[in-house]
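Presented below are the structures under discussion, each in the form of structure tokens.
Heads up, the next two complexes both have chain A, just with different partners, chain B and then chain C.
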Partner chain A sequence: MMSRIGSLCVRLPWMFFAFLAMLSIPWFGSRYDVFLGTQIAIDSLFAVSLNLLVGTTGLVSFGHVAYFGIGAYVCGILMKTYGAPFIVALLAAAMGAAACAAVFGYFCVRLTRIYFAMLTLAFSQIVWAICFKWDDVTGGDQGLPDVPYPDLHWMSAIPAIGELRIDDRFYLVAVVVVALSLAVMRRIIGSPFGRMLTAIRENRERAAFIGVNVRAYELAAFVVAGTFAGIAGALFGIFNRGVFADYVYWPKSAEVMIMVILGGIQYFWGPVAGAATLVLLNQEITSYTEYWPLVLGVILVVLLYAFPGGIVGGIAGLARLVGLNGSRVRA
Partner chain B sequence: MLEVHRVSKSFNGFLAVAEVSLTVAAGQIAAVIGPNGAGKSTLFNLITGHLRPNDGRVLIDGRDITGLAPHRICAMGIGRSFQRTNIFPRLTVFENVQAALLAHQGRGPNFWSRSQALCRGEGEELLASIGLADQAHDVAGTLSYGNQKQLELGIALASDPQVLLLDEPTAGMSASETHEAIALLGRIARERGLTLLFTEHDMAVVFSIAEKIAVMHQGRIIADGSPASVRADSEVRRVYLGR
Partner chain C sequence: MVEPSLLFGQFLGGLTTAMFLFLIASGLSLVFGVMRVLNFAHGSFYMLGAYLAWQTVQLLGTTHGFWPAVLAAALGVALLGAVIERTLLRQLYGREELYQLLLTYALVLILGDAAKAAWGTRQLSVSRPPILAGGIELLGTTLPTYNLFVMLLGSAIAVGGWLALTKSSAGRMVRAAALDREMLGALGANVGAIYTGMFVVSSFLAGLSGALVTPIESIVPGMDVEIIVEAFIVVVIGGLGSFWGTFWGSLIYGEVLSFGILVFPSFSIFSVFALMAVILIIRPWGLFGRPIR
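So, the complex of A and B:
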């Protein structure tokens, strides 16, 4: 009986329920909840895209923010300067990030381990320097304020959604875009292509000698990860009503890396848990003390010691203790 | 089938492999023996593309494969196992051979199908033939050493090679594991008509299975021929067999 309930628990489409719960926030939550929800959704996408490199392929990138930033700038510039429709700007952001990831990745995958990581960081700092200095296009150190919201008037015709504010509507759009992106990444990780990536993570030398062109696959993973980071960046620019050089600066690479590790690199949903935890902790602690980075650091150290496999790793361990096999969704 | 023609490799002036020539006929089981540091593993790495020779050529079926990348050489029908066990430790046993099957069939670029359902039959058949059917869903890294070596053989076989290179296939095995591993190897080589080239320290193993033996010493091949002729060679006796 227990095990039947257990297996039912595992088989229920929990992520679909979570998706519906996220969608309902504008009706049941406050404006602040919607703000937090948007941030968590966007950071989740960014973190999962990084984990496609870290957890799935075994490539540690310290410069993932470059593609997030490029997505934000491409989308922001197209929507503000050229008045492009959101869907066009979003797709252009994804393609721009993919193109840059292809060019930078071509060089990065020629190196391994720490040298790979350093080169990704170097490229992201180059992108930052360009964004910071290229006044005519990116606004330089002033950034690109007043990126408009997408035109969501068509939603007015839909019952229940019609009365929502524009930021609530954008939140719904963001959650749907993030959910679709996560579904696609999940599918990619479960595909033969994803299996080749895990083989590379497990053993590069052996992977080459089952006939896998390791560099080509690493580059492909780099481009896929960059593409989704670009989508996250595009959403983030609109959410923040502007795009600034800070979005491409290296601390943001560190922040998303913390989300990934905190949540658990071995699990697909790990980075989502990490993103939610970090955003909520950040908000909570900031409201109590100005020394929040110190408190946050201490909490992170404790969490990482308590759950070496990340939050989701810890939960999966607990689930195994009570006899459930809930850890099937791997990165 | 496999032709190595005057291949040399030096590392910082140290000549690890010196003008080595070696021919293995189709379907033949050949062994390379020699003391530690004789250059056996380097020779293997030169054949499989992990190292690029300074000089000389490697041919398979008459096609020049010298200096190609390992994944290209693998695609041309050479499989190999490594001296240190070389599997995908955190994947299951089935996923290990499945990855190799998918790669061999060129399905790696498919990023939309669900991999779970692919290559089921072939993978299970392959695991059965190497005697790991019962462990299919175990995590590979938790297998016993002998079983991991078997799995490595399975991964190599998944690419359906014509030539199989095995670097010390029984290293670290107990006497009974060694016996089983060699029986398995011999059976699979016969069934598939494989050309087999392996290195080995255990002389009993070598003389029980090899049809041709090449003896390496300080980077050179000092004797090459049938087991009987190698056993009778006076220089081999002096430098290697110690008799």
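So, the complex of A and C:
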């Protein structure tokens, strides 16, 4: 009996319910809830894109923030300086991030493990240096303030959505974009291509031995991850009403890596749980102290020694204890 | 055309940068070569060395304080290294590399904020010790005596380190640990002590270079991240885990940066990045490194 209820529980489309719940926040929640919701949605996308490298492919990138930043700058520059429509800017941001990921990734996948991690970090610092110094285009250390919201007037015609504020409307757009992106990534990871990435993670040599072009697969994963990070960055630039060089600085890479580890790298939804936890925790803790990185570092140390499986790993362990079949939550 | 004395001045400037980088990157490379741990927190150790030196100078006064400050900084950071290796790092040797990376990453966050809490965010500086305050005329440019001292010390440590690694019995043990940890343990050597020792030596070098850099550069939060990225580039160029690779990597980095300023004044750092990219295409394992499986 227990297990039948259990399997029913597991089989329900929980993620669809979660999506509907997220969409309903502007009507039931406060303005602050919408603010937090937007941030969680965007960080979830960013963290899941990183986990495509870390968890699925076994490539530990410490410079993933570069593609987030490139997406933010491309979208911000197009919308602010050239007045481009949102959809064009968003696609351009994704393509810009993908192009950079292809170039940097070409070098990075030639290295493995620690060398790979170092090189990704070095490239992200190059991107940061460019964003910080290239005043004419990126605004240098002043950044790009006042990135406009997309034109969402067409929403006024829709009943119920018509009376929402612009930030609520943008929130809906962000949630839909994030949900679509997550669905695509889920599909990619479940595809034969995604399975091959997992095979490479498990044993690089063996994958190469059966004739897989390991580097090409790794590069493809790198580009896919970079593309979605770029989309997340584009959304974040608009949400934050500006793009600044801080976005590309490496503590941001640390934060997203901690989201991934906190949630659990072995699970597709792990980084989402990690992102939500960290965003809420950040709001809570920064009201007491300015030393957020210190708290982050301590969280990370505790995770490493006490909960290497992260939040979702812990929940899956609990679920197994009470007799549920947790296999479906695995990535 | 550029004056020869200017070129020589740039060369000497590059050499000073190179010697600092060598002192820092050699510790990073040593720990990686022996323990296979890439220590992100190495730059934080360097920053702590600088802050500890400043603190000691504040206590002892500018005239006599500098040399005790250098010693105190190096020893203090070495002690911290010993504690970290014994309590935290040691438990992660059997786990995946990701976890070791993440631990040192967490240390960067913690130590960076701890330094901010202790010393604030203002710029601090230490004046040169009186005995090295002057300069030397050399082929039309003036070389500060302090820079000359750093170059000599860096070279001495390079030669001394190489001799210790190749000629002494402790050095043989270290090289054996780098080659095959388990076999060395099976032969009865105390591998744990060798690892602790290596980490302490590496932390000592980081603290030492942090203290030595204070008369030349001001101490600010963020210097930890800046230096670790530079040290990464050095070891990528020279070959991670290779002693002489680190030496030549530092020299190349320092000189390319120094002469790059003449060509692209505000973008000189890109000449170094370009060099790194080229080396990675031709020899991904660095100029002096060996390919890894």
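In this section, the second predicted complex is superposed on the first by the 309 of 331 C-alpha atoms of A that agree within 3 Å, B and C clash if a C-alpha of one lies under 4 Å from a C-alpha of the other, contacts with A are read in each partner's own complex, and residues count from 1 in each chain.
Basically, contacts are C-beta pairs under 8 Å (C-beta built on N, C-alpha and C of every residue); 3 or more make two chains touch, one makes a residue touch a chain.
Note that the structure is predicted; figures quoted are calculated from it, not measured.
Asker: Please tell me which partner, chain B or chain C, touches more residues of chain A.
Answerer: In the superposed model, C touches more residues of chain A.
Asker: Per the contact definition in the header, classify A:Leu294: touching chain B only (first), chain C only (second), both, or neither.
Answerer: A:Leu294 contacts chain C only, not chain B.
Asker: Where does A:Arg165 make contact in the superposed view: on chain B (first), on chain C (second), on both, or on neither?
Answerer: neither
Asker: Applying the document's definition of touch, where does A:Arg31 land relative to chain B and chain C: first, second, both, or neither?
Answerer: Neither partner.
Asker: Identify the partner contact of A:Ala254: answer first if only chain B is touched, second if only chain C is, both if each is, neither if none is.
Answerer: second
Asker: Write out the stretch or stretches of chain A touching chain B in their complex.
Answerer: 187-188, 190-196, 198-199, 202-203, 205-214, 217
Asker: What part of chain C is in contact with chain A in the complex they form?
Answerer: Those residues of chain C that touch chain A are 32, 36, 38, 88, 91-92, 95, 97-99, 101-103, 105-110, 112-114, 116-117, 225, 229, 232-233, 236, 240, 266-267, 269-270, 273, 276-277, 280-281, 284-285, 292.
Asker: Mind pulling up the chain B residues that touch chain A in the complex?
Answerer: Against chain A, the touching part of chain B is residues 48, 50, 69-71, 74-75, 79-80, 82, 86-91, 95, 98-100, 102-104, 107-116, 118, 155-156, 158-159.
Asker: Under the stated contact criterion, what part of chain A meets chain C in this complex?
Answerer: On the chain A side, the touching residues are 54, 60, 62, 107, 110-115, 117-119, 121-122, 125-126, 129, 133, 250-251, 254, 257, 261, 291, 293-294, 296-298, 300-301, 304-305, 308.
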